[in-house]
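Order of writing sets the labels: A, B, C, D and E. Residues in every chain begin at 1.
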C-alpha cells in the first residue's frame, strides 16, 4: 500500500461515506422495489389491457402472445391485473405498516421509558393482543366498520403494533440507562423531549428494518383474510385475492394464481433484501 | 536477535473501508524470548489489538486481512501453515486473554465446563480428568473455593474473578506464549495489582512468554521486561523497559512518559501531547507522529523514518530523536 | 433458585389476561351482526321460532347477564351449549383438541428441523450464493399462501407420488402421523421462513461474538465452536420469536385444517364464527388464548433455563 | 485551601437501596442492592472534590443522588440550601438548571443522531439561556472555550475522536452555566495523552469560572492533580475524606492505604506490594457485619466485625471511618518499601 | 358390498331430525331414517314409505295411514305411536325448527299399532308432501325417552337403511347397514362414510387419488376435467336449485316496476350461465324449478337488452342508478356473478358496487332489508310448490324472501292454491303465479343448475333425486 492512498484529503471521507458502502443486498432490494414502484405509477401506460375488462370468449386462456400471463375465468388479462395490483399492494404494504409502526412506537417508548406500573400494564395488554384470536377480531372489525381497506388498516393497526411496541420497548429499556439519556435528564429536559427526541430516534432502527419484513406479512395477511370480506373489494385487482380466487381453478388454469403469487414472492424478496441491507448499514440485527 | 523463541516480522493488517484500503498495522516486527514479558503500549487505536489478533489469524471482521508478515515460533513460520495446521497454533502455542472477560466468556456455559472443554480438546482427557484439571487451574489462578466456583456462570463472578477465569481458560491448553490484551484496564487498581502478580508468578513457574498490551506505562513498568511502543500502527521504539522509560528517544515515547499524571502538585498542569491521534482514513504522511511532534523536522512530513537498531538492544524509528538527557525517571511525587 | 420464582407468581399475572380476553371476546362476538337463531333457521325463519331459539340459549338476556352466566357456568366447569351442535361446548372442544395440538407441535418441530440447517448454511455463507438461495427459499415459503401450498403438496406427494394420504386425520397413532406430515409441512414452510431469518441474524451475530472469537483463540475447531458456543446462544431469540408467534400460528391452522380436512379446532372455530355459535367461539378463543399465554410462559421458563443470566 | 462558606451541595446520611431479584430458595424474600449506606458529604462553592473507590462502591450512585437523578431511600440532599427530592419539584428544577454532568463514555454520552451544535443548542433553548438568534454564536463560544474549532459543530459524535467528544460533553455541561459539575469517570475512557488535556481544561475552567466540581474517578493520580479534597468510598460508605495532599501523604484508613499502594508507578524500581488486599469485594446484596472492610483488612480485629460500622471521625478537616487512630496503622509507604526492597533488591 | 366413502363440504351437526334446517343434515337423515311418505326418484311423485297406504277423507281433513310391519335398528317394532310421537315433536317441541309447517295438524290418533289417523285444521294440498320431509323422520319414542335428546342426536336409533355406527364430530359420520330395515334386502352396501372435506380442490383430489369413492358439491369449473378422468363418473342430476337475483323492492327506485324490468333486461343470464356454471346450468325462466311440479315451461325470459333497460330507466325517470350488490365473502360464485353483473349493468348505465360480507352477516342484512341486490338460491325440501311459493310470493313472515315484494292479488292466489285440492286447477293457478311474478319482476331468475357429484367408476347407482335425497339403498360398490 502506497502512502498516497492513505493521504486522502478530509472531504473525500464524507463523500465516500455517502456514496460508497451501500450494501449489495440493499442495492438489489432497492432495484426490485423500484421496478414495482414504476409498475404501480406507470400502470396505465404499461398495462396491455384494462384490468377489469371481461372478455368471456377468451376466458381461462393459457399464457400466449396476446395474453402473456393468460386470462382468468372472466377473460381478464392476468398481466394487466398483476401490474395494476402493484398500486394497491404497495399501498397496502405501506399503510398496513405505518399505523402499527406509529402506534407501536409511541406505546413502546412510553412503556419502556416510564417502566414500573405503566410497563406492567402495557405488557399485559400486549399479552392480550398476542393471545387474542385474530379471526374473531377481524370479523368484529368488519362488522363494526364495514368491509374495505380502511377496516383492514385498522385491524392491522390493532394487532400489528404489538411487534413494534415490543421491539421499541426493549431498546428503550436499554437506552434509558445510557449515558446520553442520563445526560438529557440531568440537563433538565422534559420526559417528552427525552423520549421522542433523544431515545426514540436511536431505538427506531431495528423497527424500521423489521417494518420491511412486516410489509410482506401484511400483504399476505390481506390475502389470507380476503375470504372474510375484508380488504380490497372486487373487481379491483390485488395479488393476494387473485391467488385466492385462482385457487378454485388451480388444476385447470395454474396461471391465474401463479403469476400474482410470484409477484408477491418477488416483492417479498425485495423487501427482505432491503431489510438485511438496512440492518447491515445501520448495524442492527433484522 | 535471530535466536529468539518468538519472532514477528513485518506483520501487516489491512482494512477495507468505504473510503478504500487502509493499513492499520504497518510492518510491525518484534521478538520475544522464552519467559520474557513484552509490553505493547500505545494509545487507543494504535493497532495493538489488531497486531495481536493477527498473530492468531483471528481478525474480527471479513474486512480485515493480513497481507504480509512472518511469525516464527521456535524457528517455524506458523503464518505459512494452512488453516487446519494453524489451528494447532491457537491455544496450544499461543493463548490469549482478552480485555473484556464478560463478553469473551460464553455466558451460558459454566466456567468449569468451558475450561474442561479446552482441556479435553487439547489433551484428549476424559471428562472427569478434564473437570479435575479445570478445578486445579482455577486454584492456580487464585480463585477461592474453586470446586464450587467451577460450577458458576461467568455473570456470577466479579470482574477480577472473571479475568482470572479467563487466564485459567487460556492456560488450559498449556500455551507457550500468552497474549494479554489489556487484561486489567477495566479493573480496579487493587485487583489490577493482584492480576499483575498472578501473571508474574505464572511466568516464573511455567516459563511462559507474555505479550502484555496496555496503554498504562505504570503497568508496563511494573510487569514487563521489554517495551514496544506503537503509534498509528507502526512501531516507534522497542527496548528494555528501564532504558526506554528512563531515556525515551522517540518523541512519542517521551510524550507518553511525560503525560503520566503521577508527578506534580495538585492544581499544576499536566504535560500533554498536543493534538489528537490520527484516524485510519486520514493518516499523516511520512512519520505518523509528526503533526503532534515538537521535534519534527522537514523530513518527518515526507519520509517514513527507518526502523533502526540504535544499540543497547533497542530499535527506533525517528528522524530527530529526543536528545538523551540521561535523567532518571520522574520522581515519585508523594513517596 | 430465585431465578425461577416467576414460575410461581407469573400464572397469577396470566389470570387478568385471560379475564380480559374473555370479556373482549364476549363483547366482540356478541357485537358482530348476525343472529345465530336466524342462521340456524335459515330461510324458513318465523318470529316465533326465532324467539323460541333465543330463549333456549339465553340470547334474549342483556349481554352482561349472559357474561355473568358464562362466568358462573365456568366455575361449575361448564361452558354452555353449542347452538349449532346442541351439545356441551367443553366436550365439543376437547374432541377437537388433539388434531390441532398435533398439527401445531408437528409444525413447530418440523420448522425447527428445516430452519436450523438452512439458517446455518445461510449464515455460514453470508452474502454468497447459498445465502441468497436460502433467502429465496424462505421468502418463497413465506409468499406462498397455505391454501395454495397445501394443494400443491397434495398434488405432488399424494396424487402423483402416492406417498401420503390426501386428507383426513387417520385412526391409529402411526396412521395419524402419516396423515399429518403434509399439513405440518405446509405450516412449517412458512413458519420456518420467519424463523430462518431470525436465526440467521442471531447466528451471524453470535459467530462474530467475542465469546466465539475467544473459543477460536483457544484452538477449538469451527464445528465445536458452532455447536457448543454459537448455536445454543442463537437459539434463544428464535425460540422467543416462535413463542410470540404461536397465537398467529394457531390461527393459521384454520386454513390448513380446512385444506387437509383435519377435524381440529380451527375448523370448529370458523364454522362457529360463521354460524355465530357464541359459546363455541368463546370457548375456542379462550383456549387459543390460554395456549398462547402458556406457550409464552413456557418460552420464558426455557429462556431462563438456557440463559443463566436472565432473571424474570 | 477550604474557604469557609455555606456548602453548595450537601448530602446528609443518604441511604440508597436498589430493589434486586428476591432471595431465598423460592426467591420470595425481598432483597436490595445496598448502593449507599449513610453517606454525608458537603461541597463548598468553588471546591473540587474527588470521589474515589473500588468499582461498585457507589460513586456514580452518589453522584446521581446528589443531582436528584436517583431518588434516595432515606437521608437528605440539599442544593444551595434547598432540599432536593421528588416531592420538591421546584428544588429539583433549580438543581437541574444550575448543575450539569460529564459522563465517562464520551461517545455514549452524546446523542449519536444530533450534531454537536444541535446538542449544545438544545440545552441553550430549553433553558432559555440566550435569545434565539444568538444560539449559534453561543455554541461557537462554548466550543472555543473547551478548545475545539467551532467548525466541528456540524459534525456528529461518531465523526469525532474520544477526546473531542469529551470536550463537547464539557461544553454542553457548561452551556447551562452551572454552579456545579459532576464528572463521572470522565477521563477513564480516554488516552493518556488526551486525559491530560481534559484535566488541564478542568483546571483552567475552575480558575476562570469558579466552578464547583465533583470528580469521580478511580485513577487516584489524576484526582491528586485536580482535586482540593478527596473522599474515598468503600461499599456505599465514605471511609475517608480530607484535603488531597493530606490523604495521599498519610492515609488513615487501611483501604485508602491499600488503594494508594496499588497504583502502578512508572518507575520500575518502585515495585507494587505483594498483597495490597486479600479476597474479593463483598456483594452489596449482603453487607458484612461491622466495618464492611474487615474481611479484607490486614489489621482487622474481632471488634471490627462485632461493633457497628465506624462513622467518620474528623481531625483537622480530615475524616476517616476506622476504629484505629492514624498512628496505630503502619504507614503504607514505609510498609511497601520495606517488603519490596526486602525481596527484590 | 363394501363401505362407500363420500366426501362433502361440511360435517353433520345433529341427528335430531327436528333440530336442523341444513341440507347437509337432511341428506344423511334420508339414509338413517325412513318417513311415512317418500318422494320418488324423479322428485315429482310421492310413494309409500313406512306408511304402506293412506286414505283421505272427502273433506280433506282426515288422513288415515296404514303402517307397514317395520322395525327400528334396535329390533323394536315401528308403531303408529312412534309416528305420532315424531310428528308431535316436530310440531310442538321447543327444539323444533319446523313447527310452523306442521301447525296444520290438529290432532292425531293411534287406533292400533299399525294405524295413524291425522286430523288437519283445514284442508292442505301440500300436507302429504310435508310428511316426506326429512324433518318428519320417524324416530323411536321409547328410544328418545330413555336415551334423552342429546344422546339420541349423537347416536340415534335408526328407522332407515343405515344406522349410525360412529360419529367423529367435525370429521365423519360412519353408517353401517341396518339389518332390521324393512327393505334390508334392497341395501347392498355394508356401510357408508360421510366424510367432511371442506376444500373443493382437496375433495376432488381425494376422489381422483382413490382415497374416497365419491364426492358431492363438485364445482362447475371442475366438471370438464373430471369427466376426462377414465376412473371417474361425473353425475349431473337434475335438482330443484334455482339461483336468483334478489331485488329489494323497498329501496327507493327499486320499488318501481320499470326499474326492476330494466334490471332484468340488463342481466345477461346466458353469459352468467356460461361463465359461472361453465355452461352446465340453464337459464331460469320461472321461480319454480324446471322439472318440478307445475313448472311453466313457457314462462317468458327477458333477453339481454341493455338499450331497452336504458329506455325503461329513462321512462321511469331514473338516472345514475347506483346499486350495491351484497356478496357473501368466501362464496366464489356469488362474487363471480357480482363481477359479471357489474360489467353488464354498466352497459345499461347502472353502477353496481360489490360489497363482500361474511355469510351470517349477509343473512342478517338481507333480512333487515339492508341491501339493493344480492344473489340467493333455493332448493325445495318438499315436492309441492306451495312451500317455495309461500316463501317467495306469499308475503309471509320473511317478506317474500327478503325482497319486500308485495302484490296482494298474488298473495291471495298463493293462499288459494294451497287449499285447492284439484291438481288441474292448482296447475293453472301456479302457472298464473309464475307469469305474474315474472311480470312484476319479484326478482330476476338467473339459472337452474344440477347437483354435480362425482364417483369412481366402480360405484354403481349413486343417485340423488331433485330434492337432494341420496338413494344409497340402491347404491353398490364393486
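Brief remarks follow.
Heads up, the rule we're going with is that a residue touches a chain if its C-beta (ideal position, glycine included) is under 8 Å from a C-beta of that chain, and two chains touch if they have at least 3 such contacts.
Please read these numbers as outputs of a predicted model, since none were measured by experiment.
Set against the Cα centre of subunit D, the chain with the most distant centre is E.
By count of C-beta pairs in contact, A-E exceeds the other of the chain pairs A-E and A-D.
Centre-to-centre separation between subunit A and subunit D, using Cα means, comes to 49 Å.
For this pair, subunit A with subunit C, the centres built from the Cα atoms lie 23 Å apart.
Distance between chain centres (mean CA atoms), subunit D to subunit E: 89 Å.
Rounded to whole angstrom, the centroid-to-centroid distance between subunit B and subunit C, based on C-alpha atoms, equals 53 Å. Contact with two or more other chains is made by residues 139, 143, 247, 250-251 of subunit A. Per the touch definition, subunit A reaches subunit C in the complex via residues 24-25, 124, 127-128, 130-137, 139-140, 143-144, 163, 166, 213, 216-217, 220, 223-224, 240, 243-244, 247, 250-251, 257, 261, 264-265, 268-269, 272-273, 276, 279, 285-286. Interface residues of subunit A, counted against subunit E in their complex, comprise 52-54, 56, 59, 73-74, 139, 142-143, 146-147, 226-230, 233-235, 245, 247-252. Contact residues on subunit C toward subunit B in their complex (touch as defined above): 208-211, 213-221, 224, 228-229, 232-233, 306-309.
For subunit D in complex with subunit B, the residues that touch the partner chain are 54-55, 161-164, 190-197, 199-200, 203, 218-222, 224-228, 244-245, 248-249, 258-259, 261-277, 279-281, 333. For subunit B in complex with subunit C, the residues that touch the partner chain are 56, 58, 60-61, 87-92, 95-96, 98, 100, 103-109, 117-118, 121-122, 153, 155-156, 166, 169-170, 172-173.
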